[in-house]
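In what follows, chain A forms one complex with chain B and a second complex with chain C.
So, the complex of A and B:
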């Protein structure tokens, strides 16, 4: 429709486009398209990042990535974060939001408290939790000692390190999703709720058939944020475990950093980047196309 | 009269040269030294250099060890790169030279290099060209807490071969003492076990052969065996609880706090165990013992062979010539003797080791001097990519997630993959 009108000579619209599109387009190409293209180009080389890449090895880097045990673990970990985000974090956020939209004494203060972890910088959060989890001096150790038990070093065992990170992820981000839901709930038409109450709906029915359905658009958005955020998780992992022990707690991004950047294997790292990009873009477009198509 | 005239000429020349010097730039010096006491001396050395060279400013920049390794490639290609950077020589240095980010300083240090230990200078010479100057060497071995050993009835002087060490670990465990502290999260402290043992089993010949790909390379017999011997130790569970989560500095502090009897250490931990101890005092000299990496029965390595570092300063491409001057000043006999006197390092300037204050450090200096084969840290020598795989795999062996055979294979695979 818009395109049609443009062709028929809506000059105001055209002027707007000519004026406002180029800056955004230039910035986007310069800082998004170009680097993506470069990464794709580098991923074909065996290159240590110095000088210009010369040693073309075709798709070998991709082969190396897929053959890497640590990458498989990192990929699995990313899926785990998504699962925990969707199955634990979002329901928790939703439940709290429904409780805290009601105006009672302390509701605002509680909202603030739950939102605080989100404001905290990721690195700071990671450092704080590395102290909390410390088996000798940490908060956790103190709690264990209270019961006369020896505290485990959660971050030092490959079976507990990643679950420990997952806990921090949930702690850090549920407040953000809670706020999204609260905002949506506050914008909800109260008359619908009133009407349902007059019709004799129970509290459960009210939630199930009125409140949650009106939240669907927000839930879809929240899921989108949770998944994209999960795929990009990096800065909590670094201060907590740096991907260890035995590469058990890497995410794809921390894998990229550790195996690509710090080992001066820029070609290899670029291949990981391209794989991550393809996953993200497929998800983002797919989600927009199939799940968020109404909005 | 003539005398006065000469003085005036000299004065004028001096004024002219300092006038020229005054127009000059800043030397950016990037270091990774975490010990505040030593950094303080370095700062004084820098201020002293500035006083002697008016117009030159020396700017010190600090990065933590692991952070530095991660950032170096990007840092070196930036236009604002530091002029002087820290180096462990080896494969990383080679990669940097090939990339053309370093300055060839062969001509500028022509006479100066003769004042230094030739083997240390050789570590910074690639293809006949010198790219940096070494300021210290170090040795890897066990640092031990005599008091804790005594409680378990272990005498540090009698731990000579690998079985002695295993025996000591058993006795310590039986007495309820944590035998060994290790920084498993940083991984490189763990690779000292595997590489130290490989050196004892196969000596220089085995390492050289593996580099050429002979005898199965790093998958060969020697390296399988070093994994098996290390596993004997690992199976005794000698490390502190949660050792895979400990960074090196935390592990050193653990030892300094007297919570573990031993630590496989770089000789420079002599100081850092004090710095990272909770009380900042650490283990006092009279309680500190040094145990060379135990020999292995039937091993081909000489007992005098040493594993350790050669550390120095590289000059980056485009650095002002004052950067070289400063490094020369930093590695002058006066400064080296001063640092040796404080036991901060084993100096590279010939004769400066006489300045070493403590018997502990003098012993290290003697070990290195007596060594005919001083092997650089493998993770540095093999380059950033293969070296890290050595660290990964050996840490997994310590964590029980890889077998000796898998470790050897992983390293050989990485070596074959190259880069």
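So, the complex of A and C:
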């Protein structure tokens, strides 16, 4: 009976389902989910991508990845991005949001200016900063010359290249986190603030006990975005250093591109991809389960 | 809560040391953000020699031919055209495919619908780089390497998860009486989608469209892996080639950067509401 209803008196429910769902399902499975499974499969082979993979080497690719010094550096660099995102970028974004949620002349314009770097392409941002850091023509060089000093070539030294990239990461992304906080602050119940003020709370107490606690859910979310974003950083690295000098400034994705894609080492690159995938998924589920469990 | 008029500021505004510190802080951050951008814009108007001696100030001699030369080149317009084609196709296909899927998730109860929605959500959790090699092999085997579509389809696939979630929430929040009344009157689901849901969903469609556009316009990795011919390159690839050719002629590179980020900045000024709403939309749980 039910089946009959489904076929006749259902206003085309079944037809809609059959027409509307498959395009998304096919595209998503074909280009997002299936490649992850294939990466797991290819990572067991030594394969250059032509013909069929036949040279099965088991877990050797993973062994090669973990034994690779540049990968260890890349992994450490990813952790550094996360640290800077949490310790520098997040407090900066929070402070700016608290100031710019108040209405004063220029507040809205400043919000937009601070958000602007976020929508610029990473490639353009990277090129702008390779100019800023340029030892001959760059802005930094000009400042050094002002004091009569010789300008350093930040991006050409393996001890300064990655710290220089970290500064660009903050420049590019703090505005996004600031906007998240502003959106949350605008939705917050101002009568709480008013009540606390009437009760004689100091500005610091107001922030510490009223404003920041209402932002906890947004802070947790901002941390989540910062970490997921850090794990996929690639575009910014390419115009600045391409991972160099001496592989000192790779992230895991630029490592994957450099050692897997450009050399068509499909098995090795896939192993890096699988490691990255496991890190992302473990983090996402762990974070959802342990940190964001109330939301 | 809707009228925001009498906001209570978090802090009093008088001319106190605290207020002064606040202004100084905002000023420093403003300079931190603005100086690289302004120097890029102005650098494109200087000669290479002047760039070295005067990187911050206004040009002493305004070298308009840096910009004019690029604007007069076929190369610049070809890059923008390629980016525009790729981004427009990505937006069009993403909106069509995601809206249809979101509609079924919002209005049709079927076995496994929740599981399927969770399946799409997985797409939010890892970057496209993780499986870029198998994706390359797939695109190659489909014969789509070095074509617009070889870039567009993977980009659509990665845009679907977020788009479906945002659209579904909006569709679901439309008044349910509309659908009930339409069904009673003998309207089919497909016609309801076509004539009621879509016209009512213009705001969310433009938000989702804008984010997808910005992501595709700025994308680097997927086009880098899928395209070989310069003639198909979108601008982020093209500008890297340009930088390789003119390596230290910074005045030209800066002019080129300015001209390529200009469309983004203009779009941002015109559609800032959609862009800010869209790019921060993930923060509201669906």
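Methods note: the second predicted complex is superposed on the first by the 267 of 295 C-alpha atoms of A that agree within 3 Å, B and C clash if a C-alpha of one lies under 4 Å from a C-alpha of the other, contacts with A are read in each partner's own complex, and residues count from 1 in each chain.
The definition used in the following text is that contacts are C-beta pairs under 8 Å (C-beta built on N, C-alpha and C of every residue); 3 or more make two chains touch, one makes a residue touch a chain.
These figures come from a predicted structure and were not determined experimentally.
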Open item on the list: One more residue to check, A:48. First (chain B), second (chain C), both or neither?
Closed with: first
- [ ] See if chain A has more residues touched by chain B or by chain C, and give me that chain.
- [x] C
TODO: Please work out whether A:244 is in contact with chain B alone, chain C alone, both, or neither, and reply first, second, both or neither.
DONE: first
Open item on the list: A:183 in the overlay: touching chain B, chain C, both, or neither? Say first, second, both or neither.
Closed with: second
Task: chain B versus chain C as contact partner of A:261, first or second or both or neither - done: both
Open item on the list: Let me test your reading of the model: by the given contact rule, A:160 touches which partner, first (chain B), second (chain C), both or neither?
Closed with: neither
Open item on the list: Looking at A:214, would you say it contacts chain B, chain C, both, or neither? Reply first, second, both or neither.
Closed with: neither
Open item on the list: Applying the document's definition of touch, where does A:64 land relative to chain B and chain C: first, second, both, or neither?
Closed with: first
- [ ] For chain A, give the residues common to its interface with chain B and its interface with chain C.
- [x] 49, 136, 257, 261
- [ ] Using the touch rule from the top, collect the residues of chain A that touch chain C in their complex.
- [x] 11-13, 15-17, 19-21, 23-25, 27-28, 30-36, 38-39, 42, 49, 92, 95-96, 98-104, 110, 112-124, 127-129, 131-132, 134, 136-139, 141-142, 171, 175-176, 179-180, 183-184, 186, 189-190, 193-194, 197, 203, 206-207, 211, 218, 221, 225, 228, 231-232, 234-235, 238-239, 253, 256-257, 260-261, 266, 269-270, 273-274, 276-277, 280-281, 284, 295
- [ ] State the interface residues of chain C toward chain A in the complex, per the touch definition above.
- [x] 1, 4, 7-13, 18, 22, 25-26, 29-30, 32-37, 39-40, 43, 48, 51-52, 55-56, 96-98, 100-101, 103-104, 108, 110, 116, 119-120, 122-123, 125-138, 153-154, 156-158, 160-161, 164, 183, 186-190, 193, 214, 217-218, 220-221, 225, 236, 239-240, 243, 248, 250, 253-254, 257, 260-261, 264-265, 268, 272, 275-276, 279-280, 282-283, 285
Task: Sites on chain B touched by chain A in the complex - done: 69-70, 73-74, 76-77, 95-96, 98-101, 184-185, 187, 241-246, 384-385, 388, 392, 395-396, 399, 401-402, 417-419
Open item on the list: For the complex, give me every residue of chain A touching chain B.
Closed with: 46-51, 64, 135-136, 150, 152-153, 155-158, 161, 241-242, 244-247, 257, 261-265
